[in-house]
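Both complexes below contain chain A, partnered by chain B and then by chain C.
For the complex of A and B:
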């Protein structure tokens, strides 16, 4: 009882702060300075139509590298925590999945993978990008795991995809120092015309690599989590 | 107006999530509550970047480069939230993995039974 009272007291204090924040909030009428810079100069700097993608891949590319590293670390820790001593209960036969799920997965998984690829290849033109596309790829893997939780995925293949795309990402970033304006600069390739698939320099390439890497990391987390099934 | 609704909903989600995380004993429910609070934070951040009567920061034939400064909303909060969502997913996966290990040691999901770090 006293615990619940303390919790409610804490939350009502927080709620008071939130209410005063929300009441004092005045929406901006015009863009602030950094947003104005991005709005006016993104196309001439990078050639990308999607400004959010330009910020993530080029202006703040270093932060994205850090983010991908954090994600890699998470996938590694999940794998480490879950696989230690989890080999015991392997081989318990499970009931087969229903006909609908199996057939539906066979039909849908290739389409989901195609959709994920589309989303990250067009990250510089449309809403979407590497992180979203990678998550869609992993949702295809998730569907496969739902139909057959005992399916053995090759951890080796997943980690090869992940390391190759990560290394290529860093190599392209490093080439930016030698041939462009700095680390992760996108001017290695021509900027092209705004709105075409092959435009915006290295942004589509880098974002596709991020998509593959994120997809591989999410898949490895899912596979590690599903390998605990039945143990 | 719409940004006030979104900000209010976001703050509400944060409070609901924290309440759930503080009052539930079941660790899986605590994780779900944290995810709810996380969604609330993301919603508030996106709502702060929203500006009435403007469109998404993607340039094409309907939003030409010359008019971009007066037609698009702030892209920076959106980029931030994209990062926050991905990191939130990583944190959720980590929490699930730790809960699995904790369940293996004590065969219970009740956090009150895990007393090793209590003083």
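For the complex of A and C:
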């Protein structure tokens, strides 16, 4: 009874907060100061057509580095916890996947991987970017794992992709300091024409690296999850 | 915000609420997982309506794609374990 009362109280409190927020909402008549800066100066500063990407990779590049680090730590911890006690032999065969899934995956996986690559390579032109593309790549890997749980992925390959792209990301950031532009600045490469694939300096390069890194991290989590035999 | 947009948002929010309730109350786990994925999918359409395509993409890829897959995967494992 008391439990139910507490839940009700909590829910009504939340409802009161949201209702007061919704009633007090007045849409801004104009962009606020930082949004105005980004909207006006992104193209001349970075040459990226997608302002969100310019903010994520260049203006707030340090935060992105932090996010990638957090994801890396998560993947490392998942790998540490799950691979301990794994390798208990490949055990009993799993339930066979259905015909529909097997055939569909054969057709879909290459397309999903292509889509993921497209999303992170074109991060500076179209919505999306490294994180989204990486997640799409990993869901392709996940589909492969669903179809054939016994399939072995090379951990070495995944970790090489992960570390090389991470290192290159940091190196590009550090080169920014050496060239006098600032950490993670994108002006190492020419800005090019707005809207072309090879434009916006190092943004496409950095975001592709982030995409590979995120995809490899998610994939390594999924692969080590699938390799764990129940303890 | 135009009237059409407002109407669509209200429909989407109601649909999201209903699917979320289904996800909580459904006894069969596979349907609950699908409903939870659907909540994310509707949320990503919502983000798209609110002119945030980047967030919509993240929500669709991670919330409704990867997480749903992952839940099904784990569900399959758990069922496989409980058979013996």
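Convention: the second predicted complex is superposed on the first by the 221 of 231 C-alpha atoms of A that agree within 3 Å, B and C clash if a C-alpha of one lies under 4 Å from a C-alpha of the other, contacts with A are read in each partner's own complex, and residues count from 1 in each chain.
Methods note: contacts are C-beta pairs under 8 Å (C-beta built on N, C-alpha and C of every residue); 3 or more make two chains touch, one makes a residue touch a chain.
All figures in this text were calculated on a predicted structure; none of them were measured in a lab.
Enquirer: Kindly classify A:225 by the partners it touches after superposition: chain B alone (first), chain C alone (second), both, or neither?
Expert: both
Enquirer: For A:74, decide between first (touching chain B), second (touching chain C), both and neither.
Expert: Touch status of A:74: first partner only.
Enquirer: Answer with first, second, both or neither: which of chain B and chain C does A:52 touch in the superposed model?
Expert: A:52 contacts both chain B and chain C.
Enquirer: After superposition on the shared chain, which partner residues are touched by A:206: those of chain B (first), chain C (second), both, or neither?
Expert: A:206 sits against neither chain B nor chain C.
Enquirer: Using the superposition on chain A described above, determine whether A:145 touches chain B (first), chain C (second), both, or neither.
Expert: Once the two structures are laid over each other on A, A:145 reaches chain C alone.
Enquirer: Please name the chain, chain B or chain C, that touches the greater number of residues in chain A.
Expert: Per-residue touch count on chain A favours B.
Enquirer: Should A:105 be classified as contacting the first partner (chain B), the second (chain C), both, or neither?
Expert: Neither partner.
Enquirer: One more residue to check, A:119. First (chain B), second (chain C), both or neither?
Expert: After superposition on chain A, A:119 lies in contact with chain C alone.
Enquirer: If we overlay the two complexes on their shared chain A, which of chain B and chain C does A:172 touch? Say first, second, both or neither.
Expert: In the superposition, A:172 contacts neither chain B nor chain C.
Enquirer: Report for A:136: first if it touches chain B alone, second if chain C alone, otherwise both or neither.
Expert: In the superposition, A:136 contacts chain C only.
Enquirer: Which residues form the common part of the chain A surface touched by chain B and by chain C?
Expert: 27, 50, 52, 127, 129, 131, 135, 218, 225.
Enquirer: In the complex formed with chain B, which residues of chain A make contact?
Expert: 4, 7, 10-11, 14-15, 18-19, 21-22, 25, 27-32, 34-36, 38-40, 42-43, 49-52, 55-56, 60, 63-64, 67, 70-71, 74-75, 77-78, 81-82, 125-127, 129, 131, 135, 194-195, 214, 218, 221, 224-225, 228
Enquirer: Tell me, which parts of chain B touch chain A in their complex?
Expert: So the residues of chain B in touch with chain A come to 3-4, 7-8, 11, 14-15, 18-19, 22-23, 48, 50-52, 56-61, 65, 68-70, 72, 74-76, 78-79, 82-83, 85-87, 89-91, 93-94, 96-98, 100-101.
Enquirer: Under the definition above, what is the set of chain A residues touching chain C in their complex?
Expert: Residues 27, 50, 52-53, 92, 94-95, 119, 127-129, 131-132, 135-136, 138-139, 142-143, 145-146, 149, 218, 222, 225-226, 230 of chain A touch chain C in their complex.
Enquirer: Spell out the residues on chain C that touch chain A in their complex, using ranges where they run on.
Expert: 1, 53-54, 56-58, 61-62, 65-66, 69-70, 72-74, 76-77, 80-81, 84
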